[in-house]
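Here you go, one structure.
Order as written gives the chain letters A, B and C; numbering starts at 1 within each chain.
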Amino acid sequence: MYKKPAIFLLSILVPASLLFSIAGCSARGDELLPRKERLRVATTTSLYDTGLWGYLEPMFEEKYGVEVDVLYAGTGIALEYGKRGDVDVITVHSKLQEEAFVAEGYGLERVPFAYNYFLIVGPSNDPAGIKGMSPEDAFRTLQGAGSGAFVSRGDDSGTHGKEKAIWESAGFGYEDIRKAGDWYIEAGRGMGPTLLMASEKQAYTLSDMGTFLAYKGKIDLVPVAEKGSVLLNVYSVIACNPDKNPKVNREMADNMVNFLTSPEIQELLGKYGTRQYGMPLFIPCAGAEPSS
Amino acid sequence: MTELWQGLVRAVELIVALDPEVMEIAGRSLALAATSCGITSLICLPLGSVIHFNSFRGKRFVINLIQTFYSVPTVAIGLFVFVFLSRVGPLGELGLMFTPAAIVLGQILLVTPIILGLTISALSGVDKAVPETAISLGADRVQTAVLTIREARFAILTAVIMGFGRAISEVGLSLMVGGNIKGFTRTITTAISLETSKGDIELSMALGIILISLALVINIALNRLQQR
Amino acid sequence: MNLVETINLAQEYDGQPVLKDVNLKIDGGEAFALLGPTGAGKTTLLRLLDLLDVPSSGRVYFDGVDVTRSRPPRLEARRRMSFVQQKPIVFAMSVYDNVACGLRWRHERNEVIRQKVESALELVGMADCRSRNARTLSGGETQRVAIARALVTEPEALFLDEPTANLDPVSTSKVEEVLAQIMREKKMTVVMATHDMSQGQRLASRIGVLVNGEVLQTGSPGEIFCSPGSMEVAELVGIENILPGMVVEKEDNLVTVDVNGSAIQAISDHSVGELVYALIRPEDITLTLTQPISSARNVFGGKITRITAVGPLMRIEVDCGFPLLGVVTKWSAQELGLAAGKKVYASFKATAIHTLNRWG
């Protein structure tokens, strides 16, 4: 038979790959165009790398009968997605940026739902000698030390924002730090990947407690500086404003906000990670801003 | 070397166990690439024929333009499609962002220059004597065109294979407009990207080996086709 | 009525004239050979006759209709013709499908196609190869398939461009057999280009000689062969003794031509004082070691200057006061002990000589 090659090819490939897809189909179904209701969540990387979303997602889907699409982003990108209306709800941890987001009308309300602490981690031999210092002192020492490298998130994430805040607090302009030297490395990646890079290079980095604990087995870094009010790390959930983007799934977004702040989930949040890592990765705070 | 070996072992384990998640993303990679290539072929075969068989002013320029886009970076296409499909973008109404359909759309854009350009090349490669013989045997223009396409069928098939290869192996596009959503828009390539950045090298290697094996199997099958 | 006719046909490539002022009339049912050396323009002319190309000037008629330029009559006429190229292209499909192409494009019914294709394949002796991939055929087989493919649409005119030029002798004779059979049985007009005079002689009833884009002579093979109209034609048909001279005596139609001091007697219409070429075919010259007793009017003694072997024959070049070329079989040459430097006698009849006008 001498059919056009393209048609011939199609007639083999399409059924073959459909067969594949059906064979490996997950219970949630596989479709090219979405038909089931979907909720799009852009999340900061630390909530993802800790496995929290993997834990909560099925619960939400079961409860509300929707498909949840979790997008692994950094706070910066997540906010951008939110402004463009490409997602319905965001979970991030950068207070100043979040407040601006709501003030500009892109988000309905900033609802904190969990918190933990940042910490500076680094190689066990502590080449810069900053163990036990306050975050600001530690940063000052690093800047002047000449030994010991620092890996920055470099991606406008919440963690990155916190890092910048500490530099400012320590009396440096952030742009100066960026040009300071080879010891300052901008990774441009999520929290987990950044930790891996720091471990690889045996450098210091700023991380949230949750991701650090979750990655402990894969990295060769130890906590170096843990005390300081500046290290408070608050996670909030914000539903995107349908006034800015009519296509936003307002109802389901509200459901997500309620879900995360509901007593049952709050309780689960408080226990998450205990079994695996020996201590909970998050502290629930049900809508109220925690004080440090 | 141990990582390589571990990856291989893990790959075999996953395949033998028919690990559902791996099967799912493998199937998705195949389905998306096949769909994009299928649609593109249906468009580009006739389009390529029309371009080849007609002379018009600027034909050389058009062909050069097509060839320029053979190796356009996938992230560039990804960005382009992202801006268009984003809710604030011109096609935002369709709500296609972060869906497999968005990936297919992007892959169609990615693969069109290759399939179109190589189809035109294939048709050009047919001996001039073929259409002449056909004409002297009484074929009209359409019949002559069909015959030329038939004569070029192996080379055209190669064009489709190349397009498929490019589609199934791209990452940048799938990441940007698909979002790498587990269970929905995650493909083998985006999964490799994620797992590597998360440090699970073994799983990444396994996925990589699976992807290469898939490509190999498909290529062998298509080569047998060409032998006929 | 003429099936194919051209009037003042001319063709140019890149500003260079390739065909000049071609006037041909070919009858229905005629077997016409276009004879000429490589580069004479045979292919160009055939392509114009088959309506593949458009001439730069002049007109082409098919069955009385002007088909020089206008598309619709050309398309219609082309469906009544077939063309077999010098190196025919077969399509990448089976032999059967190749032959069936033309019929399928004419939307014939499958049963009709099957019947016609089978009989065409039978005719060319390729019936056993019907399912073979046509690309795997040898040169001779390809040529025969191309002929079958051209015949199956039952054309009124069949054009062939040097059909055996690229074939070995065995394939050549097979193809010639097929062509001869077609010409016998099918009563179609066949126009065949060839550079081989003997092939033209074997197959055609009329020959047109094409040299440098011009038709120098048309006529029956006998006419061309024995009475070539010009030197170029003579060279083409293999007359290798072309002797310049002048008519010095005439009695009825027996003339004496002075060639370099020697007197050659020939039968000719030329008058005394005319400058002529005396043409003698090498085969018409008899070589002997002693003065022959024969009725030949022309006997000349000379010395062998060179001997070359060509296939089974020996070409003997003799100097008799003028150069003469004769041929003998290898066996004869051995028998006679012919060698360079040997003295021989060359004799030939007056009737074997053909005289041509010479200018200057």
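General remarks:
By definition in this document, contacts are C-beta pairs under 8 Å (C-beta built on N, C-alpha and C of every residue); 3 or more make two chains touch, one makes a residue touch a chain.
Bear in mind the structure is a predicted one, so any value in this text is a computation, not a measurement.
With chains reduced to the mean position of their C-alpha atoms, the one farthest from subunit C is A.
Of all chain pairs, the one linked by the most C-beta contacts is A-B.
Here the chain at the heart of the structure, going by C-alpha means, is B. Chain centres here are Cα means. That of subunit B falls 57 Å from that of subunit C.
Per-chain CA centroids place subunit A at a distance of 32 Å from subunit B. Separating the CA-averaged centres of subunit A and subunit C is a span of 89 Å. Along subunit A, residues 2 each make contact with two or more other chains.
In subunit C, the positions touching at least two other chains are 93.
Residues of subunit B found to touch two or more other chains are 150, 153. Listing the residues of subunit B that touch subunit A in their complex gives 18, 20-28, 30-31, 33-35, 37-38, 41-42, 45, 86-89, 92-93, 95, 97-101, 104, 149-150, 153-154, 156-157, 160, 164, 179-185, 194, 197-199, 218, 221-222, 225. Every residue of subunit B that touches subunit C in the complex is listed here, in rising order: 127, 129-130, 132-140, 143, 147, 150-151, 153.
Subunit A makes touch with subunit B in their complex at residues 2, 4-6, 8-10, 12-14, 16-18, 20-26, 28, 30-34, 40, 49, 54, 67, 69-72, 83-86, 189-190, 192-193, 196, 215, 218, 245, 247.
Subunit C makes touch with subunit B in their complex at residues 50, 52, 75, 78-79, 81-83, 85, 88-89, 91-93, 101-102, 105-106, 149-150, 153.
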